[in-house]
């Protein structure tokens, strides 16, 4: 128990060091952290700081307003039904983070389990699970969303399910590769000899050891999840039209791009910046972990 | 070695290009030169084409059918006038049960054979029999047909089982197109009801008598039509003004149609973002605003709380800011009309209007004891129509003031057509409100009133409205139409009064269709479109330039 | 080329197995959906003829037989090109999809050619100038491009093009020009077709129209290419064989291209192959925004239209395509790296 | 043969350090002075991490870009490095060549031996067609004892370790350089092959008149091939002498201890190990770097660093005790 605890502490300390080193040396990481924190801030406080909360939730104003260009009253303008875009974006941040969190955590759980079981149990199980992993890696999320949409219609479940169906396999792949090397470790062998049941070994020794690279991958992926979810919502496969999701907001403005371009372009810019920030975060962490890329360098031959 | 591969690739490319060029220049020189001066018209259509069987298609295929096939006569409801097509003259007996049509002698099918009375019988019987067999298609309009007689090649006689306006039936926009019986040989089937014939049509084959022939048919992207030089109409209209090639391009997206217009790739657009039309006019495009009988109707679920309460429905009707709908949702391209029958259509009356009055709406709610209750209602609408979407949003904002929460449920047409009828079996699962849109097949109020609110019309009566008095009134009127038209119209008014008082459905607006076109390529007169045959181009009334 | 036939066969068989897995999954998908599979397959028919349509669907899918037989029947049908008839268009699914596939592929191939070649070049350049201001700039550019939502970029580009030039790159080819010059597509790849026919005006026109959407689709492989090429070149430049080559006096250009770059090709191929699925879907989205025909527009039209055969057809096609591309990437990898022989 | 009195390789106060990620410099080679004459075989011996490979890389000119140099390197009388200013272009490969430590990694895995030879000849400015390359390469491959027909069209991974090393030697020689730095050329091979390769090195050295600089951690190997040995410890040359002198009369305590670890054929004695761990590169102790492990250390050792002094003839040592 204490060994496990200290191992855990060591791992946490390692991650902490990684973060502080990245913060010190990488402006890209700092930018990513700032963007991610802003996003989090918006997601939590969005409904409270939105200047027109009811409009943010999709209720058009009582008085006729129509689409208005950005002005001091409406910094990002209003959409065709006269709703304040800033409020909708602020409230939409929570929607975006919610989708990311659910998709990444569920796929992470499935992926870790499948990957480590495949690597640890080996044999037929390994073959079958790898075959499944490979098969599911081939599905693009948007096409699965299209199929789900044709069965169930629009809804949050379409976005979440289609992304989870297509995403877990990537984590399973990484988990599998890492778990295979862990399987050969001495302490796993020792635990096996001491007669610990196999599922206990899996949960005690294999899973904790492979989680770090998979989690770093997961952080890197958050940006891509946001992008894919936005694409699904943009196409009208996912959330319904009056939801303040950023992808939906871009779709809402698509019909008006010549007359009221801000309706589409501003929420789209938020998608870009958020995805960029999250990717920057993950990428600079990964680079920081890789010593090859750390050194000073010039063309020397 | 790499260099060898590269040289090999270049050689292969050269050989392929050389062979291709040889094949191209040897085989295609003749037609190539002839096509150089062909006039082309690109007509953008806003939906994909669901099929082009002239007797069975009952949806977006009309845009193609109207150019490839012809009915016996056309009807222009705006001028209340019939226009001869394949038939030049017709008459009915005293009590309107036997109608005789005299066919044009010079009309030919695309295979070169003349249009005969046998062909008319063949075509219409196929529509009717197919409907009787499967329940599908527009053949139901011929339900009262007893038989068709063909006394000679150019005379056709319709025997009906009761007084009918057969002139309206033969001019219907669906189910009355005439084609050659030779389609059986061409497709290799025995029976006209064989599903293989339907498939054959839907692969892009045809044998009609209209001014255009199908050259290629890709229902998801474009239909290419070429001019039929032996069309009888070229004696009336200038053949040289008509395009040699007419392309119906499927562009479902408004912005894409606008892009196509700007890029010079589309000559006539059926739908562009309405707010951009003034800009397009400034850029030198022209617009033709056409009246349509395309009517948008808000239907209440009369079998579910709270929309089963008449006062609630009336409250909603008075809570809609109509002027705002007109300005923000329709942008002026539509006519606010609370009647179920569109403006200018037989049976339309102007006095069925609801005014925006929140106090009155509150009173209605109070009367029903609904004021202050936390009410939640759903509205389903077609998500791709920005007018409907904006209307639903405005409604949501307005009802919020009455303490009613509206949940928006955008759907595709298919989903709506599936959800709407569930009101009969499972009213609590059907949405409280649903926007239906309708355009007529027959120039009669019955078409609207029966389809939308008659309790026998389970498929389209999405209100679940079942009022025996109303049913009897319109059924009686329909029976009378053939013999006593004025009396029939009076009954229709009575029926409409019931609808206005109970409000199971309220008319929202009649669409005004702005066709934006490129005047450098085409000149269009108002007669090029007929509201009864939506989207069909009447080719004699437009002129393609250069 | 040093690749064993054995490897190719093994890889192909595996790919076939995965494609079969995809087909089975699609079928299970239909089977597990709420409601009668025949009802869904028939496009949720209504009215009197619904029973006929459902019966037809039942026969087509073999629903009266046990599930494994149904699945085998379905697989057989897919492999013989019979994926059912589209409910919306009433034409065979395979025919419709084939028409869309060529259009999308043309866009995708052009985009990949632009994105990958430029991306890899810039990535190498960035690796050689590592830690200079230029390198940092390229890195920021790359990560931005890789994270930009393509539909948003496409909208932006359309607006910008419309304001600046009035030309929005609409459509695949100028219809009038195509008819005037007698252009007749043979393969469906218009660039290739116009070249085969020697129709230079149409070729130029098609190229001009494909460029704006292709540039948008290219952003992702471009960004990815820059980042991957930079990282991989940095890795191979530290390899022993590069060190030895330098020590033996091999010229700088040869070292970079023939030693370091060549060493990165297998990994690069693999990464870009995996990114292919993303780009394919990207191309479909951009098509929708630009109003081009293709798989994307096809999918967009049928959203919510209960055209399940076409949806399943699209799913199988897109996925199978991705698997084929990745198998080819693996075989290419084996051709370059003689050590890969499973 | 005219004996050139000038050394072909000369370093003066050569120090090499590596920059870490925070731009600090860690010096791994400190103040090395080498004079290597033409045709000589000079051996640099030391434990791993003592900086000998860095020194070798500096002579070849393949220091990584994050290295810093101080001092001068002269090759064939020409100054190629002075205080971080490198001008390696002319000499790299042409004048100094290199036999890699791990031939399996040093040959490009995606190219046949033939193609790799072609690139080498191109680098020398020889425009040869495929047959020309094959002919020229065959001569050298035969010299190193390989069958050209078998080897030329093979990929490196298809060759055994010994064949790979022979091929690598052939490539090193085919550059035409007269000075070759061999960095632990046999460390990845087993004992039998090791002797074969050493023999081969001697043979080509004699046949082609090459100046060979061997870098090794193995004194036995050094004794078999070399004329002079420089013992390196913690980045410095601590003792330098002809082979026989080193074995007969080791002066530096480190050399003495090192010799005691070597098994001598036919003599049964207990093998000793050097107490303590060698210092990590860049973290050398102050004063005499060996003093923490030295059994004879005096106070002065920890305070002041001794310099390399001549004690007789060609024997140099840096120790406060001598």
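Chains here go by letter, A, B, C and D, matching the order in which they are written, and residues are numbered from 1 within each.
Operating definition for what follows: a residue touches a chain if its C-beta (ideal position, glycine included) is under 8 Å from a C-beta of that chain, and two chains touch if they have at least 3 such contacts.
Bear in mind the structure is a predicted one, so any value in this text is a computation, not a measurement.
Relative to the centroid of all protein Cα atoms, the closest per-chain Cα centroid is that of C. Set side by side, the interfaces A-C and C-D show unequal numbers of C-beta pairs in contact, with more at A-C. Averaged C-alpha coordinates give centres for chain A and chain C that are 23 Å from one another.
As a whole-number value, the distance joining the C-alpha centres of chain A and chain D reads 52 Å. Here the spacing of chain B and chain C, counted between their Cα centres, is 37 Å. Multi-chain contact residues of chain C (touching two or more other chains) are listed as 158, 162, 238, 246, 288, 300, 303-306. Residue positions of chain D touching 2 or more other chains: 62, 64, 92. Looking at chain B, residues 255, 383, 411, 415 sit in touch with two or more other chains. Partner chain A is touched in their complex by these residues of chain C: 17-18, 21-22, 25-26, 29, 33-34, 40, 128-131, 139-140, 143-144, 146-152, 155-156, 158-159, 162, 227, 231, 234-235, 238, 246, 252, 255, 277-278, 280-281, 284-285, 288-289, 299-300, 302-308, 311-312, 314-315, 318-320, 322-323, 326.
In the complex of the two chains, the chain A residues touching chain B come out as 54, 58-62, 64, 66-67, 80-82, 153-154, 236, 240-242, 254-260. Contact residues on chain C toward chain D in their complex (touch as defined above): 2, 238-241, 243-251, 254, 258-259, 262-263, 336-339. Contacts from chain C toward chain B in the complex involve residues 44, 46-49, 52, 88-91, 96, 99-100, 158, 162, 166-171, 174-176, 179-182, 184, 195-198, 288, 290-291, 293, 297-298, 300-301, 303-306. Interface residues of chain B, counted against chain A in their complex, comprise 254-255, 258, 273, 275-276, 279, 321, 324, 327-328, 383, 386, 389-390, 393-394, 396-398, 400-401, 408-411, 415.
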